[in-house]
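Heads up, there are several structures right after this.
Below are two complexes that have chain A in common, paired first with chain B and then with chain C.
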Partner chain A sequence: MAERSPGFRFAVHGLGSLVLAFLLLPIFAVVPASLNYGSFIRLPPEVWSTRWYARFFADREWLTSLVTSFEVAAIATAVSALLGTAGALGLTRIGGRLRAALTGLILAPMIVPVIVTAVSLYYVGRYWGMTGTVPGLAMAHVLMCLPFVVLNVGVSLRALDPSWLRAAEGLGASPARVFATVTLPTILPGLFGGAVFSLITSFDEVVLSIFIAGVQAKTLPVKMWEVVRLEFTPILSVASTLLIGLTVLLFVLFRLAAARARVAGVGP
Partner chain B sequence: MIASGQSIRFAGVAHSFGAVRALLPIELEVRPGEFLTLLGPSGSGKTTLLNIAAGYITPGTGRVLVAGRDVTDLPPRRRNIGMVFQNYALFPHLSVFENVAYGLRARGVAAAELDRRTDAALELVRLGGYGRRAIRQLSGGQQQRVALARALVIEPDALLMDEPLGALDRQLRQHVQLEIRRLHRAHGRTTIYVTHDQEEALVMSDRIAIMRDGAIEQTGSAQDLYRRPVNAFVAGFLGESNLLRGTLVALDGARARLKPDGIERTIDGAASEGLSVGRRAAALIRPEAVQLSPTAALKARLVESVYLGDVLSMRLSLAGGQVVLCRRFARDGTPESETQGIDWDPRDVHILPDEAREAPGREEIKSAEKEEEI
Partner chain C sequence: MLTATMRRHLISAALLAPVVGFLAVVFMLPLGVLLKLSFTAPAGPLSTYADILGGWLYTRVFWNTLVLAVMVTAITILAGYPTAHMLTRLKGLTLTLAVYGVLFPLWISVLIRTFAWILLLEKNGPINRLLVGAGILDAPAAFLFSNTGVAIGMVHVLLPYAILPIYANMLRVDARLLQASDGLGASPLATFRRVYLPLTMPGVAAGAVLVFLLALGFFITPALLGGANSMTVAMLIETLVNERLAWPLAGAASFLLLAAILVLLAVASRFVKLGAALEVR
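Entry: the complex of A and B
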């Protein structure tokens, strides 16, 4: 490519930075907003303070919702990882139209408007007594998380050469050993990626959660949604900052793991 | 040679992929310690037969016996057979050592013995000290040797190799051919080797089975096949040959007479089996048996002459368009005129049947084999 003039490069970088700022600043504005001393959110804060963080961690209800979020995310991720891996493996063994149809079914929760899924689950969940329970909410989240695992593991599986499986079997390995020593190491990056996306999805999910959560299974986003209708204090920004921080942390971990997997010569 | 291998017998083994018949009933016995090559064009069924021996394909009919024991219904992991795949199929996430040790771990071999046997196998393929390397750090030739070590370390009853040199460049291929030959002499394991490369087959094999359209055309030593091919296909597949195709006009015991298409003379030669007057046949004349002579009645035009050091390789074209290859010692000189008379000693001519087999097209089988692999 031809060398561009410094002025042109400056313009391109400048424009790019503006776009990024437009996308990111409103999100990261919650960080300084959470550091206000006063009861009203001002940007930038007139007086900087961490007192709303202290309030957050002293408040039983906020803490409970944070713990509930972790519980729901952990269960939803574990179940999605298990089912999604099995699903991705199963999809490779069936062919043609059936595979396309089943893939569509698994991905459907990503396409159907979440509010529709939420209303349906609310009716079904109430009938089975699943609303307002942590397992019930986790199962609802599995619907949203499963596509990520199936897609990510599916991509990893494309790197799996079927002749490796045949070689392992020919060398005397049982099906379980072939899975543990050949299949699993190959799909691990995809499985990890799917799990991270599941955690993030479950952690941030609010529409389904509002319908299913009830009093017993109130996650952090649901609690925020409730609070925001009553009051608008910097404690909301604290909760938002925690959510963003966790999401960013998980994403960074995922990228690091993916980079290591690439260096090791396996994975996407 | 220490024969530590077992015999393998295919008893009436046949297989179809859907409606496509990939293998017609095969009768073949590989002797203990023998190096047998399945040689044939792609789609001839050789890989299918190999996969049946390994247990990856269960034949539609027939039995597979290893050392007299029926293994037809055993899965690959219960067969104790070492396989070297075309793309090596090494595990990229494991080190060289762990790749080779894989079969021993699956067998639950104790740590000390596992280390000893794995190191010995790496030494055998001259990769001692490479154990800790990653697979992607190795060259193609080295990967090939890791695949060999991995297949040999389990002390298999037989070693199966599916075009293992296909991915190597020509020079390396010749080197590895000799290496495989050396290893075979050293360990004496029964080996079935699949290739479409006649040179590979000639260099390494004790016996060669030539396959076409799902059937074995002829089995024998390289000399047998070269000197006494049973039909035109075998003659054309092994070694350079002139096949003048035509119609059989006379058959008298061991002698036969052929009227080639588009040539104004008949050709006499030794009759092989399966000939009948009026049917299609071909005269086989090896290039070294073709003589140039100014007085010969059959005239040909010299198209190309290549100096190969010791020999001169020539292409001549007959009036009917057929190409005749001729080889002679270079010290006998390069012919000067473009028009040459060609002749041969009738004792160097074999008249062979030249009938097409009633079988599915090769392309069909090839695609069926591909599907099976996926």
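Entry: the complex of A and C
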């Protein structure tokens, strides 16, 4: 095409680089913002200080919300991994329309606007005793995490040659043994990918959480949501910076692991 | 005595029952309850739907949501297309880093990304200071609490969903077709318009549908960057529930939004492979 024209090349690469900068740079604006001295955020700060970090770690409410986030994410990830792996294995065993319908059902929470799911769960959750509890919020998060587990394990399962299963059975292995020695090792990369995406999805989730969390299950994003509607204090930038740091760490670890094993890449 | 086939079916059912049961109780049932609720207004079963479709305040919110979604879809596709093309021209470490640059924002909470934009777009924020300092603006512009701010934030959140399907599509284009067009004497512009663009259209369509569907349901970004001046349907639903406790109305608004999305999805899935678009992420 016009690749030979240096002007065209320059234009495409220039525009593309600008878009990448637009995607990445604004996120990191919260880092200098967290280092303000004053109680109003100024970018860049006039006086630099780490005192808002000290405030954050001295504040019981912020710390509790951080711990709650970890609890909810751990439960949501474990439940999603179990339900999702079983589901992905089940989906490969059935055919045609039923399979398409069930896949649609599992992916539906990604298509239905989260606000609609959140409001409907908020309504029934009050009668079920689901709102304001850590397990209740985790169950809501499972809705958003399941698709990632099912998709990733599903991709790994494509690499599973059915003749291996028959060979293992023919050699006298019990169904449990076949699963442990043939199926599980094959789907492990997909399961790992799905679990990491579940963890991140739960940790980042805001809309379901602000409806279901109540007072008792306030995660970090819920606490941030409450504060950001009142004031733009540097402590919000501290919370954001900490979450970004954690995410960068997970992202790098995940990419390193993915480069070693063939982790299926369905998900962000 | 169980036959082998029966045993096979039984195992499949046992594997699928937990996830299907979970979704039936935690997803389908609550949606069903909300749908039923939308028909329980004292003024009659369909009065909520009539209220929303007939009230100028509500239709204005739906209209604003639509305008925002169209605007954001257009911008993400226009910015995403050349970016995706750039990715196809990169190699090695540069390519890896650039692809990570597109994927990484998806890992960051929408709340944090939106908060960052508040800091940047504020009246006394760095962007306004830069624009005024450079003489582009006479006085700081009010980006926040307007559709401009909401559109900037939404484009930022949704751009990767436009770039990735287009990029995946561009990778599948056979380079020999472009060479053939070149060799047969077509100008670069003609080759782009008559060969490359049509071949990459499925990716553009998939990206556009995905961005548009997600944009219709946006809540956090418009609520924080737009406020009451840029109300979306999702914000309307939240207000109806939390401030007015008008559950039947909230249910009706929810299902009108959902119906619009399902109709669009049904129409789009006849032309676009959305499953493939989801898998490139």
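Keep this in mind: the second predicted complex is superposed on the first by the 246 of 268 C-alpha atoms of A that agree within 3 Å, B and C clash if a C-alpha of one lies under 4 Å from a C-alpha of the other, contacts with A are read in each partner's own complex, and residues count from 1 in each chain.
Everything that follows uses one rule, which is that contacts are C-beta pairs under 8 Å (C-beta built on N, C-alpha and C of every residue); 3 or more make two chains touch, one makes a residue touch a chain.
Everything quoted here is computed from the prediction, not taken from an experiment.
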Once the structures are superposed on A, label A:L243 by its partner contacts, choosing first (chain B), second (chain C), both or neither.
second
Could you tell me if A:I94 is touching chain B, chain C, both of them or neither one (first, second, both, neither)?
second
Look at A:V182 in the shared chain and tell me whether it touches chain B only, chain C only, both, or neither; answer first, second, both or neither.
first
Chain B versus chain C as contact partner of A:A33, first or second or both or neither:
second
Which partner does A:Y123 reach: the first (chain B), the second (chain C), both, or neither?
second
Output check: A:R166 vs chain B and chain C. Expected answer is one of first, second, both, neither. What do you get?
first
Does the superposition put A:F22 against chain B (first), chain C (second), both, or neither?
second
Per-residue contact with chain A, leading partner among chain C and chain B
C
Common interface positions of chain A, toward chain B and toward chain C
265-266
Chain A touches which residues of chain B in the complex?
54-56, 75-83, 85, 87, 89-93, 102-103, 106-107, 134-136, 150, 154, 373-374
Residue ranges of chain A in contact with chain B within the complex
161-164, 166-174, 177, 181-182, 185-186, 264-266
List of chain A residues in touch with chain C within their complex
1-3, 5, 8-9, 11-13, 15-17, 19-20, 22-24, 26-30, 33, 41-44, 82-84, 86-87, 89-91, 93-94, 102, 105-117, 119-125, 139-140, 142-143, 146, 150-151, 155, 200, 203-207, 221, 224-225, 228-229, 232, 236-237, 240, 243-244, 247, 250-251, 255, 265-268
Spell out the part of chain C that touches chain A in their complex, as residue ranges.
8, 11-16, 18-20, 22-23, 26-31, 33-34, 37, 79-80, 82-83, 85-87, 89, 98, 100-113, 115-120, 122, 124-126, 156, 159-160, 163, 178, 181-182, 188-189, 191-192, 196, 213, 216-217, 219-220, 224, 234, 237-238, 241, 247, 250, 254-255, 257-258, 261, 265, 278-279, 281
